[in-house]
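Each chain carries a letter (A, B, C and D) given by its place in the written order, and its residues are counted from 1.
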Amino acid sequence: MFLLLLSTLDSTLRVSAPLVLCAMAGIFSERSGIIDISLEGKLLAAAFAAAAVAAVSGSAFVGLGAAIVTSVLMALLHGFACITHRGNQVVSGLAINILASGLTVTLGGAWFHKGGQTPTLSGDARFSPISLPGSDFLAEIPFLGTIYVELISGHNLLVYIAFLAVPITWWVLYKTRFGLRLRAVGENPQAVDTAGISVTFLRYRSVIIAGILCGIAGAYLSTGQNAAFGKEMSAGQGYIALAAMIFGKWKPVPGLLACMLFGFLDAMAVRLQGVALPGIGEIPVQFMQALPYVLTVILLAGFIGKAIAPKAIGRPYVKER
Amino acid sequence: MSSPSKALPAWIDVGVIPLINILLAFFVSGIVILIIGEDPIEAVKIVVYGAFGNDYNIGYTLHYTTNFIFTGLAVAVAFHASLFNIGGEGQAYIGGLGVGLLCLALDQYVPFWIILPLAIAASGLFGAAWAYVPAYLQAYRGSHIVITTIMFNFIAFSLMNYILVNVLIEPGQMSPESRDFLTSAQMPTMQEAVGWFGIEIEKSPLNLSILLALFSCTFVWLFIWHTRWGYAIRMFGFNENAANYSGINTQRLVVGTMCLSGVLAGFVGINEIMGNHNRVMLDFVAGAGFTGIAVALMGRNHPVGIIIASLLFGTLYQGGAELSFEIPTIQGEMVKAIQGLVILFCGALAYMSRPTIERIFTAIVESNGTAKEQTNG
Amino acid sequence: EDIKPAVVFDMGGKFDKSFNEGVYNGVEKFSKETGIKYREFEVTNPSQREQAIRKMAQRGADPIVGVGFAQGPAIEKVAKEYPDIRFTIIDSVVDLPNVQSIEFKEHEGSFLVGVLATMASKSKKVGFIGGMDIPLIRKFACGFAQGAKYANSSAEVFSNMTGTTPSAWNDPSKGSELAKSQFDKGADVIFAAAGGTGIGVYQAAKDEGKYAIGVDSNQNHLQPGTMLTSMTKGVDVAAYNAFKSAMDGTWKPGKHALGLAENGVDWALDDNNKSLITDAMKAKVKEAREGIIAGSISVHDYKTDNSCPAL
Amino acid sequence: MGGQSAPPPAIELKAISKSFGPVKANQNVDLKVLPGTIHGIIGENGAGKSTLMSILYGFYEADSGEILINGQKKKIHSSRDAISFGIGMVHQHFMLVETFTVLENVMLGAEGAPLLNKSSQSARKELLKLSKEYSLAVDPDAMTGDLPVGLQQRVEILKALYRGAEILILDEPTGVLTPQETDQLFKILDILRSRGVSIILITHKLQEIMAITDRVSVMRAGTMVSERETSETSKNELAELMVGRKVLLEVDKTDANPGEILLEAKNLSYKEDGVTKLDNVSLTLRAGEIVGIAGVSGNGQTELLAALSGICPLQSGSIDIGSTQITPKNHKNPKEFRELSVGHVPEDRHRMGMVTAFTAQETAIMGFHEDPAYNGKILMNNKAVQEHCTRLMQDYDVRPEDPKLKSANFSGGNQQKLVLAREMDRRPEVLLVGQPTRGVDIGAIEFIHKNLIAMRDAGSAILVVSVELEEIMSLSDRILVMFEGRIVGEVSGKEADARQLGLLMGNAGTQSTGSEQQNNNNTTHSEEIPA
């Protein structure tokens, strides 16, 4: 039983890792006032870039670099549309998502002639599990040792990065000058402008950070969790992350918890398959799939506390009315 | 979208600029095609022939066009109340479910001319129902409709999936699809329809739903610009305070507008389920809901514009299918990429070219002006 | 007779390293041998199937091979419209005079790999991971379970399905999660009949140092060392024959069920896995195979009564 | 006086021009501010004052012209430049992040180190030091959004001082303040001046100019029309300069003869997220009288209009209109209020009164769009609408007389006339008017006032809300003064005098030195009003 729980949590970590990264990305972007439904697109594009480049170069790290570059480029496109040209942020995000889902397959198909898939990666072209120091002898210790070995240790680098991203995000947002200004620009850009800070530059930096984080998440999908890129690989995880971010009220730690919750639901769904729960009976997989979205809607409806978005979110900054 | 900074004549704002944007989108698409080592010109030829080469292809083009008119109108109507309905996909999907359930329930018992009105009602009703919840939450609980409609798309997929797998699937059938409807629940194809007048054309999924689409366009045009309800919707869209001041019940207005939007999206079900597949199946909307956003943006939320834009996307879809058929290196997804670019340039970057055009325009005007003065002097 | 053959691959695409890819290999072999080009199309969403098949027919393609049960309804529709074009549907039955329906006795092949699985397993716990939850895949599972229990009546078999929609054929992440969950339950050999999803399963097995069994094509090369074997389905042969027979004029409509006897299904042994297959295993699986062909062993076919005693 | 010999002006603007699309907000504006002085700028709404200051502060960039600071030519591209040149600004609309603490707001943009923990400690010290020095007490950890406007303004001033401003710009700082708060502010400004800070003070209130400034410049329609030594000018002269001709503060009107009560509000109270906006307000409107509501803006006038016109539902109290009683239970929406013959000209035409994207004719039927006169069974009768609009434009002289022109493209005054026309043309028994002449030029003002009085004489009851005391005094037969959501006094229009009203508006029954000073001004003021 205990082991089953462990393994469920273990897979929760694996599943929620990309969600966490994307959610943090979303927080950076949206706290600066830029709606970011393009998480999905960045995630997908990055996953493709990582797998493709890793396949060619044979190095997972080169792949990761490519993923980050790609994702940042898309973030810059988003910024160009929303910040420089004051375009509608939702429309821009949507466009990027559709563009990504189209381009990845188109380019992949032309590049590898595998109908949009990339070759299967192995060895150094993937981020493989690393067992943390001391796993071997800690394994002896009954309870904690098992947890350490089974749960904490034995994930790939990117998972650890994902969970490190949370405290870092928190620290940047609340403990640094940049964070202070970022939060301010999401609430009242005029105040930031009149304080002598460039709203544009500030927001660009925010979306770029979002790009970097999504890039890592994408690399995780195709070179960590899996060993190749497949079309529509992100499968809506960007949207789930968006939901999680809102669920976490645009704050890092609650955001993390939301991601873990959604990841846990997923992990449970896998293990509950065909298992009839006492009293409830067998839960339809579709119900489990829909749950994160349902929960988020319920939250948005203000039934479990209100999620208040940054004041200036979605509104392009215009000096002259 | 960012609002125009300076007044330009209407024909530039609704004519020239969208045209330039669309051309930009195609230009970039062309580059992509070059990158994957194919000849864009050739591709264009194939697309155009593929879309209009013969009555069969035209049939497919118009069939897609019909979907896009529905979803485009749906997005546009909501836009006029400054509501962003990203839920067209889900609403269309559920609308189709409505049609399906009705047809499966009645096709043994009653004739077509009874089923048709009921089916249209069902598709609209189900679509509206799916728009109702996000609308209600927006109006009465202030939850952001963009997010809720996105969520409802996913919920719709799970729901349909469940119903098909556990309820509608035909016993012994492998794929989660319902049984085929009897002819009494099948929308006459254009082939049959023109056949009644003794005209011969190839069989294609094009069916009489396109008439419903054209009717919807007229309806929306009259409704938005020539009725008091449309007046209220536009007022609310431009200025919520003014709407309150005028004594409009804005909450009811939000819900009503979104439901109308949902109805229009739901009609996709008529075209696809009743007109084309004649059975309930997975994913029959195939992105039409999202394309609707591009269509509305390009069509400037006006039925005429929407018809033109829908035709364009119908061409892209059908021509694109042919393209991947003729040139296997060009995946069907290429169309998606183009679609993304169109949304980008016509939506998010709609006013990128404006300042330049403004400058050019004013330059021209001034030069004319000075010219006149000289002649006067 | 010079023919204009065509093939319509299903979702997952001709490079799913599995079912569609098998067909692809078959038709490639054909056109290499004969130099005859063939038309092809990969459907990317369900509403394309009919359009693609009809388009082939319009272009005067003949014969037209439809890959996968999902194309059954579409083939049926179009075949009615073009009565003098020859259609071949793989994995489904369409009862028309101009349609050749090819099915496989997957339960027999699965039985054999089931035997191998149990014998290779230390924990005597083996797992099955299916793609989309449909009778056809349960047929795999059921055969596999019977084989496993045949080799060791106390063997325990876990069975999971990836999903209920076509996307379940192409979800490696889910596959690897399912595999890991079965490994956690103690399984150490997993048979995946899940199209592209299998890739994730084999990967997981590799990462955890456990065994996996491939499906449809010979997938032993995907993860040499941890791929115990593959349950090969003669889809390549079937597709090849469809074209070839059409060319020779020996093409026959009607229902064909290919099992062990017809070499329609089998288990794969090659350099990648010969080190993993002991002689004892060879012997046992040989015995089983002969038993099945001779009829002394009867493998229950899930689809006959949609139930599986062994699971 | 002493211009030449003195050190170079702290600020010198030369030929500044700026336009927004069609609107020429500033045209060749010159301005000199001598160091260590308080320099006043006055001008009508829309004269271009804020724009000019925003340019000096680098918020907008001027289309042309140059800026000298302490004699040197400077380019100011952004507020950052302005700040670095020692310029600080307190904006007409505060530039504060409401979800931040006072400290965070003050630090923002001047944090120093990239990491907060250190810099915030030093900032806290500095902040406390400043607030002591200038008696600007405010809790550094208070959530800014929760502070009353007076305190928020202090935060703004502290922001400027924290950045070491030697030149301080205040844009209509007193608009939101009570006389007492105003006195407080002026004391602070005095201290600053004595410390050598040069201050630019923008205001509409002439007595403030007289009270505190050393020099004063007057703007009109985007241009700088003249400059005076405060000691050598008078309110009247300034008033004239401001509007470009002798001010007619009196409107010739006969005495009212009030008839029966048309509207009676009893104990209206209204809370908005916890904050009391209306506090037990009762009033009656009789046929044939104009009742004026005086008060510093933000003391509940907006909510009062909203309540009386049905825009925000009653929370407590009741409104009797004719025989109908409206209570929280039996609420009526604005449409139903119209049907009860209540007209409403909102305070802010762009926010409520009109839809700038609509054509004039669409704007002309707002609130009446369901009237059968404009509708067929289903479709609207656009022809009828157009005819209606054309008639309004003729009767109320709205120019250009083009029903199809976009409402946005009418000038402020004409937009206002269109709105008034829409509401007055129905001859409502009760007419609520907010800021009848905001942003409207003199010509239009007289026209509007005449029409209001004509309506009164025709037997309507009219409620006028205005921040312009003169307007209230000249129009009203009865004047009610609002303060913090309460009605704190009633004066008959005839014997109303600015002094008394000023006191009531600040709720200053108590005689603080500040109000003394103000009284004197007011006295002189009322004397100077030409008969």
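Here is the rule we go by: contacts are C-beta pairs under 8 Å (C-beta built on N, C-alpha and C of every residue); 3 or more make two chains touch, one makes a residue touch a chain.
The structure displayed is predicted, hence computed values, not measured ones.
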item: Contact pairs, highest-scoring chain pair; value: A-B
item: Whole-Å separation of chain centres (CA-atom averages), chain C against chain D; value: 78
item: Interchain centroid distance [CA atoms averaged], chain B/chain D, Å; value: 47
item: Intercentroid distance (Cα basis), chain C paired with chain B, Å; value: 39
item: Chain C: positions in contact with at least two other chains; value: 42, 164
item: For chain D, residues that touch 2 or more chains besides their own; value: none
item: Sequence positions of chain B contacting 2 or more other chains; value: 5, 161, 165, 331, 333
item: Contact pairs between chains, per stated definition; value: A-B, A-C, A-D, B-C, B-D
item: Contact footprint of chain D on chain B as seen in their complex; value: 5-7, 222, 226-228, 231-232, 234-235, 238-239, 241-242, 244-249
item: List of chain D residues in touch with chain B within their complex; value: 21, 309-311, 333-338, 344, 346, 351-358, 362, 366-367, 369-370, 374-375, 378-380, 382, 409
item: Complex interface listing, chain A residues touching chain D; value: 174-181, 183-184, 187-188, 190-198, 311, 319-321
item: Touching residues on chain A, where the partner in the complex is chain C; value: 3-4, 7, 10-11, 14-15, 114-117, 120, 128-129, 221, 225-228, 230-233, 235, 266-267, 270-271, 273-274, 285-286
item: Chain B contact footprint on chain C (complex, rising order); value: 40-42, 44-48, 51-52, 55, 58, 69-70, 72-73, 81, 92, 133-136, 164-166
